[in-house]
Amino acid sequence: MSLKAVGLNCTLKASPSPSSTQKLLDEVLDALKGRGVETTSIRLADHDIKPGVTADEGEGDAWPDIRRQIYDAHILIVGTPIWMGQPSSVVKRAMERLDAVFDEAQDDGRYPTYGKVAGVVVVGNEDGAHHVSAELYQALADVGFTIPAGSSAYWVGEAMGSKNYIDLPKTPEKVNETVQTLARHCFHLAGLLDRHPYPAP
Amino acid sequence: MSLKAVGLNCTLKASPSPSSTQKLLDEVLDALKGRGVETTSIRLADHDIKPGVTADEGEGDAWPDIRRQIYDAHILIVGTPIWMGQPSSVVKRAMERLDAVFDEAQDDGRYPTYGKVAGVVVVGNEDGAHHVSAELYQALADVGFTIPAGSSAYWVGEAMGSKNYIDLPKTPEKVNETVQTLARHCFHLAGLLDRHPYPAP
Amino acid sequence: MSLKAVGLNCTLKASPSPSSTQKLLDEVLDALKGRGVETTSIRLADHDIKPGVTADEGEGDAWPDIRRQIYDAHILIVGTPIWMGQPSSVVKRAMERLDAVFDEAQDDGRYPTYGKVAGVVVVGNEDGAHHVSAELYQALADVGFTIPAGSSAYWVGEAMGSKNYIDLPKTPEKVNETVQTLARHCFHLAGLLDRHPYPAP
Amino acid sequence: MSLKAVGLNCTLKASPSPSSTQKLLDEVLDALKGRGVETTSIRLADHDIKPGVTADEGEGDAWPDIRRQIYDAHILIVGTPIWMGQPSSVVKRAMERLDAVFDEAQDDGRYPTYGKVAGVVVVGNEDGAHHVSAELYQALADVGFTIPAGSSAYWVGEAMGSKNYIDLPKTPEKVNETVQTLARHCFHLAGLLDRHPYPAP
C-alpha cells in the first residue's frame, strides 16, 4: 500500500489568486509523488474553518472533512506565507484545530497522529522562514507529529524586498535542494513509522 | 480632550461564552477608565474579519469599522489567549490587517499609528505569556505603535494545568500589579505622544 | 550494540550549584537507561565553550570534546532553564556551535547528524516551555536531528511564581508522563534510524 | 544636558574581526550623534561577561562596568547578528544580565530602567530579523525599557545566501530609512521620558 501525503496551503488568499505558497508546496508534493506517494493539497482559505480547539465546531465547519484527510495520510506538509515575520493566521487556525488531538488519546495513551510525519514549507518576500518553522515544528510535535531532519523548504527574498516566489524565472538551486531533502526525509521516516509504530507505554 | 483606549479581545470563542481574556482585559481597561480614559472593547470572534492584508477586504468585512475605532484611539490594548504556547489565530488575523498601514504613509512618511501606544494582555492555563508578548510587541511596533516599559499583564497557571483565569476567586496580587503598571504606563506615554508627536523626517 | 544518549544541561550555573534542569534531565536519562541506553550528561557551564560557529574555536575551547560525544551518540537530550521566557544563553551557544555541521557534509550531501534524534527538556519557574521548545526544535532540525512526536518534557510553575522544580516534593504525574513519552519515543526513533538511515540523494 | 546612547555589538567575534553588526550599529549611532546625542559602543565579545542573572557575578566579571554605562545612558541600541534565525548567544547573555533589574526596584516600585528607550539593530545573511526583534523587544520591555514605534533597523540577504552587510558597496535606501527612523524615534522618545518620567504608582 502506498503512502499518502496531504499538503495544506495556508495562504490568506482564496482561489483563484496566484499563490507562491502553492508553488513551493507543489514542488514538495511533486517530489513525494515521484517516490510513489499519493498526494493531494487543500487551500484552506477556500474553506470555512471555524475558530476553536475541538474536532468539529458545528454547522458549516469545514474542518472535520480536512481533518479526516489529514488523519488518513502518513505525511502532512504545511505550507504558509510569512506576514510580519510570523506564520499566517490561517496556519495558526489549522494548528489550533489540530490541538483537539488531546481529547483523542487511544486506550493505551497514544494519539492518532503518532506515526505521522510533518514537513514545513515557507514562502515570504523578505524574512521569517526560520521562525515560522520553529512555531510550526513545536505545534506539530506537540500534537503528535514527528519532524524529520533538515530545514524546512523555504524561500525568502532580500530584506524589505517585494519579489514573490511565484515570479522567479526558475527555482533556485539551493531551494530545490531543500525541497528534495524534505521530500526524501518525510518519505523515509513516514515509511519507517508506518511499519514500526511508536510502542504503547 | 480625554484619551481613548480600545481593547481587542482575541479569544477564539464568540459571545456569550465566558472569556478569561475579557476578564483580564477589562481589568486593564477599568484601570485606564480610573485615569479618565474613554474605553471600549471589541470581541473579534463576534465579527466577520476577512483574511488579508488590506484595510478593507470587501463585502461583509467587519475590519474597516474596527480599524476606524483603533485609528480614533490613543491606546490599543490587545488581549489574547494562548493556544499551544502561541498567540491565537484571531489576534494574528488582527495583526495582519494592521499591516495595511504600510500603504497609508502620510506625505511626510509618517504612519497614522505613530503616536499610538499598545499594551498586551495574555491569559493561558499553563504557559506562553512571554512568547505571545514577543510576537505582539514586534508586530505592533512594526506597524507604528510604541510599547511602554514593563511586562504585559498576564496570567498563566501551572504547567499542564487546566485552571482558568476566570475561575480564580480573586485577582492575584502580582497580576494586579502588572495590570496597574500597564495602565499607568500606557496612559502616561499616550498622553506624552499626543502632546508631542514623533517629528517628521 | 546499545544506543548512546548524551544530555546537555544548559543551566547558567556551574557545579556544584543545585540545578532544576539537571533534575528533570536526569529523569529523562534514567528512563532511557531503563531501556538499555548508555547515558551521560554534560553541564555546559562547567566548561569553557568559546563563542563561534565552527567545530573548533581554538586554544582552550571545550567544545571539540563535547561535540565528539554528541557525534558518538544516537540521542541528544538538550535541557535548558527558561530566562525571560526564552532559552538560556548557554543553550544558544551550544546550538551555534552545532551550526558547524554545515561545513561537514559527506560526499553524498548527508550530514553527520542525520540519523540522530533530539529531545528537549525545559524547566522554568513560571512561563516559556513551549517557546523554548520551538526555538530548539528548529535549531536542532536545521542541523540534522530528527524530532520525535510528543511535547518536550517540561515543568513551569504558576505565573510570576518563584517555586523551583528541584524543590518539589515529588515529580508531578503529568510531568512524569512527558518524561516517559519523550524517552520512549527517542529510544524507538533512534533505533529505527540507526538500522535504517536516511538514504543518500 | 545632552542625551547619551550606548550601543551593544553582540557579534560572536571579538575584535579586530570585521563586523557587519558594528557597521549597521554605527549607522544608527551616527544618526543619533547628528542629533546631539553622546554615543559610545561596546563589543561584548571583547569582554568576559559571566553567565548569570545578577548585577555582578564576581571576580573577573566585565558586566558591572557595562551595566553602569547602560544605566548612565538614556538610549540603548542593541545590535546582534542572526544565527539559525535567532538572536546570538552573546545578546542572550546581555539580556539575562539585565534581568537583575528585578532586584533593583526603587522604594516606589519603579525600576532604574524606566524612562530609558531601547532600539534594535539586526544583521544576517539571509533570514530572521523580525523574530530577533521580537525576542529582544520582549526582553527589553520586560526589564523596563520603552520601545519606540517602527521596525528595528535591519538587513538580511536572500534566502540561503552568503552575502554580508559589511560587503555591500553602499547602504540600501530602505535600510537607511529604517536607520533614520529608529534614530529619530529613539531620540524623541528618550527626550520626552527624560523630561516626563513614568509616574510612581
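In this document, chain identifiers A, B, C and D correspond to the written order of the chains, with residue numbering beginning at 1 in each.
Here is the rule we use: contacts are C-beta pairs under 8 Å (C-beta built on N, C-alpha and C of every residue); 3 or more make two chains touch, one makes a residue touch a chain.
As the structure is a prediction and not an experimental result, all values here were calculated from the model.
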- Message: Going by average Cα coordinates, which chain is farthest removed from chain B?
- Response: C
- Message: So using the touch definition from the top, which pair is joined by more C-beta contacts, A-C or A-B?
- Response: A-C
- Message: Regarding the chain B and chain C pair, does the interface count as same (over half of residue numbers shared) or different (under half shared)?
- Response: same
- Task: Go ahead and note the Å separation of the Cα centroids belonging to chain B and chain C.
- Result: 36
- Cα centroid separation between chain A and chain C, in whole Å? 25
- Per the C-alpha centroid definition, the whole-Å distance linking chain A and chain B comes out as 29
- Provide the list of chain D residues touching at least two other chains, using ranges where the numbers run on. 84-86, 130-131, 133-135, 138, 142
- Task: If you connect every pair of chains that touch, what shape comes out? Choose line, ring, star, complete or other.
- Result: complete
- Task: Please name which positions on chain B make contact with chain A in the complex.
- Result: 12-13, 45, 51-53, 83-90, 92-93, 95-96, 99, 135, 138-139, 142-143
- Task: Sort out for me which residues of chain D touch chain B in the complex.
- Result: 109, 111, 113-116, 130-131, 133-135, 137-138, 141-142, 144-152, 177, 180-181, 184-185, 188-189, 192-193, 196, 198-199, 201
- Query: Which residues of chain B touch chain C in their complex?
  - Reply: 84-86, 126-131, 133-134, 154-160, 172, 174-175, 178
